[in-house]
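What follows is a pair of complexes built around subunit A, which joins subunit B in one and subunit C in the other.
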Partner chain A sequence: MLVNVPGPWSPLLGRLALSEIPYTNPILAPLFIVIVLAGIALIAGVTYYGKWGYLWKEWFTTVDHKKLGIMYIILGLIMLFRGFIDGLMMRTQQALGDGPGDNGMKLMGAIHGYLAPFHFGQIYSAHGLIMILLAATPLLVGLMNIIVPLQIGARDMAYPYLNALGLWITTAAVFLIMISLFVGDFSHNGWFGYAPIFEMAYSPGVGVDYWIWTLELVALGTTLGSINFLATVVKMRAPGMTWGRLPVFTWTAVSANIIALTSFPCLQVALALVGADRYLGTHFFTAGFGGNLMLYTNLFWLWGHPEVYFVILPAFGMLSEVIPAFSEKPIFGYITMVLASFAIAGVSWIVWLHHFFTMGMGPYVSTEFSIATMLVGIPTGVKVFNWAFTLYRGRLTFSAAMLWSIGALFLLLIGGLTGMMLAIPAINYMVHNSVFVVAHFHMMLLCIVYAVFSAIIFWFPKIYGFKLNEVWGKIMFWLFSAGTFLVFFPMFMLGFMGETRRLDWPFNPQWGAWFDVQEIGIFVYVLSVLAFLWMLYVSIRDRHANRVHTADAWGTSRSLEWLTDTPVPFYNFAMVPHINALDEVAWRREHGFMDKKPDHFKAIHMPNNTPIALYIGALTFLVGFGLTWRVWWLTLASLILAVILMIYRSNKGDPGYIIPAEKMEEMDRESKARMLSDDSHQVPHGGGFSGGTVTAYAALDRDASGPLTPPSDSRHL
Partner chain B sequence: MSHGHSDPIHHPEVQMATNRNYITGFVVSSLLMLAATILVKDHVLPSFGLLLAIIGCAGIAIIAQVYFLLHIDISEHNIWNTVALVMFIPLFIITIGLTWWMFSQLYMRTMPMMPGMPGMH
Partner chain C sequence: MHAQDKVVDPNEVVLWSDDYEGHDVISTRTFGFWMYVLSDGMLFATLFAAYGVLSYSHSYYTGPTPAQFVAPWYTFIQTMALFLSVLAYGFAMTALKSGSKAGVVNGIIASMLLGGVFLGLNVHDVLRMISIGVTPETSGGLSAFYALTQVHAAHIFVGLIWMLVMLYQIMRQGFTEDTVGRLISLRMFWQFQAVMWVFIYIFVYLWGYMS
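So, the complex of A and B:
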């Protein structure tokens, strides 16, 4: 029943053999040595400073949503860097390899440029997969993890242990794709894979298997996460946090996770069927024996298009938090913002065919999907106008976070308009599979990256208690934007000039100048990466000077996460607040309630740490690795062990622990003392609750006249 | 965590989860899967009949799994599950329906005409 693999196989090691380790490769071998040395240094450092216990207790076994979120973000940033290096290599290959000539760099068996087609194929496949699923997705999931419970006044996610499980399974996927660098190869069929080239007959190596199992693992991790987010928002809102008072970011998290929950299973099924073809010899996606190639493409994009909205919607949510805070106005059109999020989520389900308009299913089907795709422009347009009207006559502060958000708006505009062009089948037939498409989706995905940087700068002080360096944040913004312009403007041009995507050898010498511009752009990007690292260094060095002494770090923030202490204590809120309005913090600031203390405390119930999530994550990595190399005993043993651990944990449950009221009071006093003085209510501010308009400096007078009484429809604080 | 006091064992969803239900669900869906496999493997029916038969098996299996394994019924205390179920129906129609439509149009234009093929008009 199992498919025979070409080449040697042994029961003990499967397809693993020494020859699968590319130790003669002039790029990978030195990289491997560097990584091993860095790893040794890291381990030695942690051991020297005696930090293993701390790491284990505070990070590896934690179920705290904030720490898990931070780890998600670190994971995402590392993978963003890895994906960026892939991008740099691809750009360099095309710059070097352009034209008919032979540049004499035959180092790795390349005739054009410095990379052989086989290597180039692996790099672009890994780049796409990493950027969308292992960089953007973890960054967004991490931010949602940190912020959503804070915004709805919850102590943690609904299922803290499931949350940890999601993180560690995603980490397993990261390890799997990273190890493919040094053990065997990665797929060279593009990030979404083409039938039937990924079938055993045409891709006999392990690359496609790595690709399948990496994707399966992230899909699993993300699905678990989406269940958790939905349950959290449905069940864990603080009293008074009605649906109509949910911050926009939380709303976008809800809509995004509905898409994730409903679409990721499609991907899992599609890949399982590819797996069946490759391992069991079925013919789902072959050309013969009743298989259908396009069915794969169909199933993949059935997930793929909702997925792109899964990543853009939280980004929209972030913009909707940052822009009002730095415009000192409530978001314009809250209700339309929420409805637009759901409209986008809904429409994202009926457009997937636009990724393969050229399949040949004729004009009727194309027309339906073309029109549906263009419909997305309406809610997206509503959002853009809402942001514009929020900015309009606002009291704008061009902080680093705000710059990133405004940059995101520009990218959204370019990406959206080119998307509209692509949605017209007649145009699509011309530019499909050209780098014009690549430029389109990079505008969109970079819009997400901009929103993420904006959000990181915006929420950083809430979590760590000090602000990131504004000057370096802005320098990084301008470098990054220059890089974006220099790389992607030429890419649009090249698309118009007919360059197809994924060329290891761009044969046309007339493209050469544009490639050189792109190469310069990539080096500007390198500078922005350095600026980012420098920003982190400077901010951490000067953290005492940049410490935030107030709950509301920016003085103009609006939603609930800014109400609790800075940095956020592990229990989030000493007393779960009662919510009185949309934009609760703005409302309280307006009414002088920011420094209200609870008059009594209650005992609270917190979940215990557990290492089981980490163990299960590690086991899923072994399952993936075993399946890739067809080491059956390893696969089975890890799978069985993982199931046993799951059952064990389910039976044991977690009673959690109780922090008594007196202890809470004491911890709250300490936490407040650390903030020194809470003078956030003295900051000049603009409009208060939703619908308010800009008022010029009315705030100080109002504070002087004492707190106002809350409107009659609100209950006790 | 805010409602840690209410014992989860008493939640209606949990009450519905009995061993017998799980086993029934498992057995029913396994049998249906087996039946479909045998039908297809031995080509017991003509093509179109086969298609209908396995669609039927799949439909019953879905209902069995939703009821026995996911404990979804349409009662009041399961309101959120019902919401999820109702949301699922349009998605089901969209994904399967549009896929069917696009492939029937594709086959009409690209495949040799063979009697009994899906998508034939």
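So, the complex of A and C:
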């Protein structure tokens, strides 16, 4: 049954050998040393300050959706950085390697540039996989984790323990792909892989195996998460939170997670079959023996396209929260916004073939998929117009969050229009596999990144109780945007000039100037990364000055998450609110109810912390590692141990604990006291309107009362 | 007219949910498991798609086609074992309604035994096929055949372990919110696997035999 691997194998260590560690590589070896030193410093620091207990109790074993969300976001940001470094290396390779001859440097055995083709291949494969699945996805899942329960008035997710499990399995995937830097190597077949080059015969190393198991782990983690989100929204809404009052972000979370739930199994199967080919010698995707190469490509993109909408929809949701808040108007066309989300989710299932029109399936099939692809533009267009109409005649505040959101709209426009071009088979045949495609989807994915930064700045004060530095947020925005323009405008041009993607040696000297512009662009990006770090530093340094004293940090926010105390206490809401309107907070502000606090409390039930999710996550890492290196005993032992832990946890159950009403009252008082004062005079009157009000009110209301006068008559106008 | 435009009496308005008792644990869990079943359905759908694509005559390369090695009568016994197992589990669930611990335990044991029969026959069938040279390495078509049938068998195996765990938990803890919720989920799981088997039996065994 088992396939014989080329090279040595031992029962104890599998394919592991000292020679698999690239200690002679002049990039990886120093990097490894730096990481080890940083790790030692971190461990020493935590030990010195005696923080292990705190980390363990408050973070590693937590089941609190907010903390898990924060950890997801940290994970996502770290991987965003790793992916960015990959990008930097690829840009530099092409800038150095352009032109006919070799460059005479011959670094690391490279004839062109400084990276050998095999090394370059690993970098672009890891870059794509990391950015989509280990950066964008955790960032979005993290934000959904924090915000969705708050927006629907729930105390936690439906399954807090499953939530922790999802995080730790995703973390295991991150560890697996990171360790591939230092032990063995990574796949060099692109982030989506090609049949049959990923078969054992053509990729005998462990790279493809790392790729398989990393993807399988993220897929598992994300599927678990999607079940949780759906159950949370369906079952845990506060009384009065009817479907018609659900905030748009929560709606997009629902549509996105329906996609994730149904599409990730396709990916899992596709990869498991690749695994079967590589481990068991089956012939699903081999070039001979009745295998079918295009089956893989179909199965992969059957997941792949819904996946891109899985990542863009929550981003759309974030824009739909930020733009109204800083336009001081309700979202334009709430119902069409919701319908458009589901239309996009639905259509995303019937377009996957546009990723390989060049397979040549004939005019009828191509036409169907071309038209279906273009259909996506309709609901997307509806959304863009809704945002535009929300901005129209709004009272705009160009805060950092707003800038990021508006930037996202521009990227969406460019990405969407180039997508439309790609959807036409005649055009697609010309530019498929060129960097034009790469530029297209980077516009889309950067749209997500913009939305995420916008959302992080927007919701940060709710979680931490102080705002991020606006000035540095804006500086970062402009640097990042300049970088985006400088890198991707040339990329579109190069696409038109016929540069195919993934070239370690761009031979055409006429491309050189564009590569140089891109190289400048990537260094502008470096500046924006520094600006981001500086923004964090400055914000944390000045946190007392930037403290938020109100529940509603921006004074113009609209949905339910802004109702509870700032920072959000672990129980979210001392009393579960009763929802009266779409945009509940705007409604309460409008009617002068924001300072009305519950006058009595009830006992609440909270789940206990547990380390088991962390243990199982660690074991899934070992399973992945064992499979990659074919260390069967390790794989089996970890798998069995994980199952035993699950059964143990199931037998034990979690009774949770009860916080009595008096204790709740006390905690609520403390939490309110920490906010200093939350009287209505802190809330700018007329900052934003409740749902359904026409635009002209904006002008009316400004005349009626100055921005900071107390609402003597708290009634609506 | 929007609700927001109405004048709201501050003394009448309901801002906090006084009599909200929180979500119902069992129905939430059942809903979540239903979602899992949906994703499991997608998993089988993908495998069926792969099987369909890999069942052209050239998919079998020079090796045997299902018509030459499947035994629908033999597999029919498997079908019956699985159906009876689902029936037995159904009896366990009716016993649960009347709160009879013995009824539930006996039902699950019967269900397990029948499930075990199914699995045993499956292993036996696989061994038989391998002994006549029908292996997954032979051709893409056979790879898909094994993937589909054995992924299903793996589900059955997991179901049996789950039943074992449930037996233990019912004996130890009785009918708590947790155990009852799990019993309901397990029922969904078990019935779903039986439904999947119906498809496999028809499309893989019967159709394979006919073609």
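Here, the second predicted complex is superposed on the first by the 678 of 717 C-alpha atoms of A that agree within 3 Å, B and C clash if a C-alpha of one lies under 4 Å from a C-alpha of the other, contacts with A are read in each partner's own complex, and residues count from 1 in each chain.
FYI, a contact is a pair of C-beta atoms (placed from the backbone, for glycine too) under 8 Å apart; a residue touches a chain by one contact, two chains touch by 3 or more.
As the structure is a computational prediction, the values presented were derived from the model and not from experiment.
Legend: residue contacts after superposition of the two complexes on their common chain; A:350 is shown touching subunit B, with no touch to subunit C. In the superposition on chain A, A:17 makes contact with neither subunit B nor subunit C. Of the two partner chains placed around the shared chain by superposition, subunit C is the only one that A:291 touches, whereas subunit B remains out of contact.
Looking at the shared chain after the overlay, A:651 reaches subunit C, while subunit B stays out of its contact range. Of the two partner chains, subunit C is the only one that A:282 touches; subunit B does not reach it.
For subunit A, the partner with contacts to more residues, out of subunit B and subunit C, is C. When the two structures are aligned on the shared chain, A:576 is found in touch with subunit B and with subunit C.
In the superposed pair of complexes, A:265 makes contact with subunit C only, with no contact to subunit B. In the overlay built on the shared chain, the residue A:364 is in contact with subunit B alone; subunit C does not reach it. In the superposition on chain A, contact of A:396 is made with neither subunit B nor subunit C. Overlap of the subunit B and subunit C interfaces on subunit A comprises residues 154-155, 234-236, 262, 266, 292, 295, 298, 302, 576, 605.
Interface residues of subunit A facing subunit C in the complex, by the touch rule stated above, are 1, 154-155, 158-159, 223, 226-228, 230-231, 234-236, 238-240, 261-266, 268-270, 273, 276-277, 280-284, 286, 288-292, 295, 298-299, 302, 575-578, 580-582, 587-588, 590-593, 596, 598, 602, 605, 643, 647, 650-651, 653, 690-693, 714-716. Residue ranges on subunit A touching subunit B, taken from their complex, read 154-156, 160, 234-236, 258, 262, 266, 292, 294-295, 298, 302, 349-350, 353, 359-362, 364-365, 368, 576, 604-607, 656. Taken in their complex, subunit C has these residues touching subunit A: 2-5, 7-8, 10, 13-18, 20, 22-24, 27-29, 31-32, 35-36, 38-40, 42-43, 46-47, 49-50, 53-54, 58-61, 63, 136-141, 143-144, 146-147, 161, 165, 168-169, 172-173, 176, 178, 182.
Contacts from subunit B toward subunit A in the complex involve residues 1-4, 80, 87-88, 91, 94-95, 98-99, 101-103, 105-106, 108-110.
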